[in-house]
Amino acid sequence: MKKLINDAESVVADALAGMAAAHPSLRVDVRNRIVLRASGPRPGKVAVVSGGGSGHEPLHAGYVGYGMLDAACPGEIFTSPVPDQMLEAGQRMHGGAGVLFVVKNYTGDVLNFEMAAEALAEEGIEVASVLVNDDVAVQDSVYTAGRRGTGATVLVEKITGALAETGAPLAEIALTGEEVNARSRSFGIALTPCVTPAAGEPTFELGPNEVELGIGIHGEPGRTRTALEPARELVRIAMDAINDDLPLSGDVLVMVNGMGGTPLIELYVVFAEVAAYLRRKGANVTRRLVGNYITSLDMQGFSVTVCRLDERLTLLWDAPVETPALRWGR
Amino acid sequence: MKKLINDAESVVADALAGMAAAHPSLRVDVRNRIVLRASGPRPGKVAVVSGGGSGHEPLHAGYVGYGMLDAACPGEIFTSPVPDQMLEAGQRMHGGAGVLFVVKNYTGDVLNFEMAAEALAEEGIEVASVLVNDDVAVQDSVYTAGRRGTGATVLVEKITGALAETGAPLAEIALTGEEVNARSRSFGIALTPCVTPAAGEPTFELGPNEVELGIGIHGEPGRTRTALEPARELVRIAMDAINDDLPLSGDVLVMVNGMGGTPLIELYVVFAEVAAYLRRKGANVTRRLVGNYITSLDMQGFSVTVCRLDERLTLLWDAPVETPALRWGR
Amino acid sequence: MDTRFFAAWLEECARVVHEQREYLTRLDAAIGDADHGNNLDRGFTGIRQALAENAPKTPGSLLALAGTTLVRKVGGASGPLYGSALRQMGKALGDAETVGLAELTGALETGLQTVRRLGGAEVGDKTMVDALAPACVALRRAVEEGVKPQEALSRAADAADKGAKDTVSMQARKGRASYLGPRSIGHQDPGATSTALILAALRDVAVSWAEPGAAGP
Amino acid sequence: MDTRFFAAWLEECARVVHEQREYLTRLDAAIGDADHGNNLDRGFTGIRQALAENAPKTPGSLLALAGTTLVRKVGGASGPLYGSALRQMGKALGDAETVGLAELTGALETGLQTVRRLGGAEVGDKTMVDALAPACVALRRAVEEGVKPQEALSRAADAADKGAKDTVSMQARKGRASYLGPRSIGHQDPGATSTALILAALRDVAVSWAEPGAAGP
């Protein structure tokens, strides 16, 4: 295992210390594992709080700032955070208008956020949660834990964050978050597995000419594997899976996301194919993101997220945002 | 070789097509291999033009936009662009106030930009060049091609771009670019080699516990190799090399840059160590960048760039910039 | 079985989980995300510290503290599940200073119910339930048969172990492994495995406490 | 040697460079950035196309067009160096319709000067100069001795080949390989190697044109 770390045990704490040093706009509480806006809570504004296992950087701490999250709760690598973190974050960023949890649909995240929500409610703080489950690679059925939350998380955090900034009430923000989720689908493909500092070896094996289809973001193996194909073909597989589930037309936002070890030049090659696919389907790409937004440590590969926009969501997407990883308009 | 590409021969063209689809603010001429601001030239403004081999994304095309470059000229992978590209870019973005070339100090870049400068001058367009050579890993002596241009290129492009936006004259902008270069130093370390699409195999071999010290950005081997050490120790090696050359004190800008395959969480671990090192030296980190800014395809590793700021350079750094890869203030 | 007995159990769990940490992580790497060993190790290390700082007086409060500590330290799916189960077990034991086999069995059944309620997993879904449920059944039967505690706990441990091994052939329907569909078949569930380790620890402590000269359970 | 002779030379260069593309890239991977084979292949393919579209009438204009094409297609260090060298060779040959060995030698010396002027490399710096310079010396001596063109060009090719091989033991002081310092020792310079291939192509064309039945050079 070759990693730029001091110690497998201290990676999360050391990286948080780095975030603290790098971003004066953040207040990083390394001990309690929470990352807050340094500006503190804003009275009358709903606090948008998210969190999840580490290893997906810049998610979630990189999205703390004006127009997006009020706080992020990073767990250990690939491990959902504990309720104390969300409780503390909610308490510290609560501005009197309630707290919105943005939760990715994984058993661990769901359970830990639920416990935090109960604890916050016990203190009289109103809490709502948006569950993100956009990954079409998981068949939505009673035979699984349900679809995973992946790329759409970034979109839900951006758009609920923008709406919260306007002073909108908790219920409306939660509904909007659910709407973004309902309009979004994702699919991921890995060229290589990732190596967690704890395991020190790849989480799965892939032959030199194999790719893993339908991966999530926890370095877990996907649903099937197939031969390495040209980018055009891999994009077709991903986009067909999305389009089968949510027929693509009208205005769409597209995110082509790298898994952490993917060079940007390859993401642009992928983006060209995604754009060509959508053009053929008659969809209209009106907003785009290309880069590393929700990653799996050093994994090579990509995910595509498509969200069917309407005018209101487009406006919220375009609203100013000022975070370490997403910034425009200020 | 596992890459998200269609064909080793078409990578650069395909990626440019992706940039065109992803960034409506850019005009991408895939055939002529130039990336321009879609807004066209601004009369009375010096056009800042850069370029270099591809494989270093987001450099340079990702820095085209308000407050930074007017045009970028991407060569083949790791191959300096040809004079025709810079000539065409200069002609198309020239606003009557001359053209500034930002050139990384490599034999190929220098020669090709020189030929382009001659050709532009023949057409009566005033040209000046800033040569970036910040890499302390190369001993500055008559026995080498001179120091390489690496991370400081991003800083020179940002700051000259900001100054150009104010309507400053060519000579002043060139001087400021040289000043940024003179105040900047970089050092890079690789955990893994990179694989070019053409070669299909690693450009050098590294043992499972070896790192390569003093790498450049062309996937070429560095000066020496050593055992893999904790991030703290690798940072010490890099920072000592920088500090020996340019004693670090006062206000500094620090860029911790990933080589393309490095997860962000590791870059934050590195940043924490760099910040601690500078604190020990008594330097004051006033501006920071953490991320993939100048890469070597899929290489894992990092480089640190430090620039000693003064008030004027800080203001120019803070000036609004709106490019695909660097954006603030608008 | 008194407070010291349960403290010894948790201590033994901490030892075994630490020892088996890489094994559990490897199982989780195959069908999950390679953190189960570290998660539980962090959790039981936390329990050890919590008990060192603050020694509860009754088995019930001891287990409740242990559960709370798991919830606060572990995260992931296993943290809330194991943590809440221990917490509810503690509650079920009430203020009693010593606990008989029947009470322990009832508490474990409460733990199982807690896991099922929170996680929604049934037997056969390839989760910790597949080790915990047969252990409860074996224990209940042993109570009805009136066997000695160490024998009863030994049967429970065997049942959990068998249950964990039986997960190999199952297709996961809950937790992270469920995403793999049929590809989850052929691998042993990490959570069921850690449950088996925890019940083996319970047996081992019961057996050693029952040895001549030791304070009986 | 007429225009068709030089066209045949460039054609042969294109063929050989394409054939040896991976070899050149591998040499460049060891002490450079693994693009030299692709660079030259792209360049000579461009020359082929340019000559197909537009057939210059004189050796001088043919070489000038070839040089311009290299500058426009190759990039890197080798593009401007080889391109300018060919361009200056073409200029040196002027409007002549056929070229003797002495003129060709003078032109090649002009090419060498161009490379040295632009790149600043001297013999011993581990660059293409280490193949080109000895080739020029051998050619000049052959001219002085009055040997036949195919023999003279054969000596030049041998000298270039030896020069390229001699770069193995050198430490690079120019170009990308210079960054390696002493670690550049032990590897053959890719640019010197391609120069040797280009001069071998010149010899081969001269020899085959001198064969009975072929149009003599």
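As written, the chain order gives the labels A, B, C and D, with residue 1 at the start of each chain.
Operating definition for what follows: a residue touches a chain if its C-beta (ideal position, glycine included) is under 8 Å from a C-beta of that chain, and two chains touch if they have at least 3 such contacts.
If you want to know which protein each chain is, UniProt gives these names: A, B = Dihydroxyacetone kinase DhaK subunit; C, D = Dihydroxyacetone kinase-like protein.
Quick caveat, the model's predicted, so the values are computed rather than measured.
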Taking each chain's centre as the mean position of its Cα atoms, how many Å separate chain C from chain D?
76
For chain A and chain C, what's the span in angstrom between their mean Cα positions?
32
Using mean CA coordinates as chain centres, what's the chain A-chain D distance in Å?
55
Where chain A touches two or more other chains simultaneously, the residues are none
For this assembly, give the contact graph shape among line, ring, star, complete and other.
line
What's the complete list of touching chain pairs for this entry?
A-B, A-C, B-D
Of all residues in chain D, those that touch chain B in their complex:
25-26, 29-35, 37-39, 42, 71-81, 118-119, 171, 173-176, 178-181, 183
What residues of chain A sit close enough to touch chain B in their complex?
2-7, 11-12, 14-23, 54-55, 57-58, 62, 191-192, 208-209, 211, 228, 230-232, 234, 256, 260-273, 275-276, 285, 288, 290, 292, 295, 297-298, 300-302, 322, 324, 327-330
Touching chain D in the complex, chain B uses residues 53, 75-84, 106-108, 111-112, 114-115, 137-139, 142-145, 148, 196, 198-199, 201, 203-204, 216, 218-224
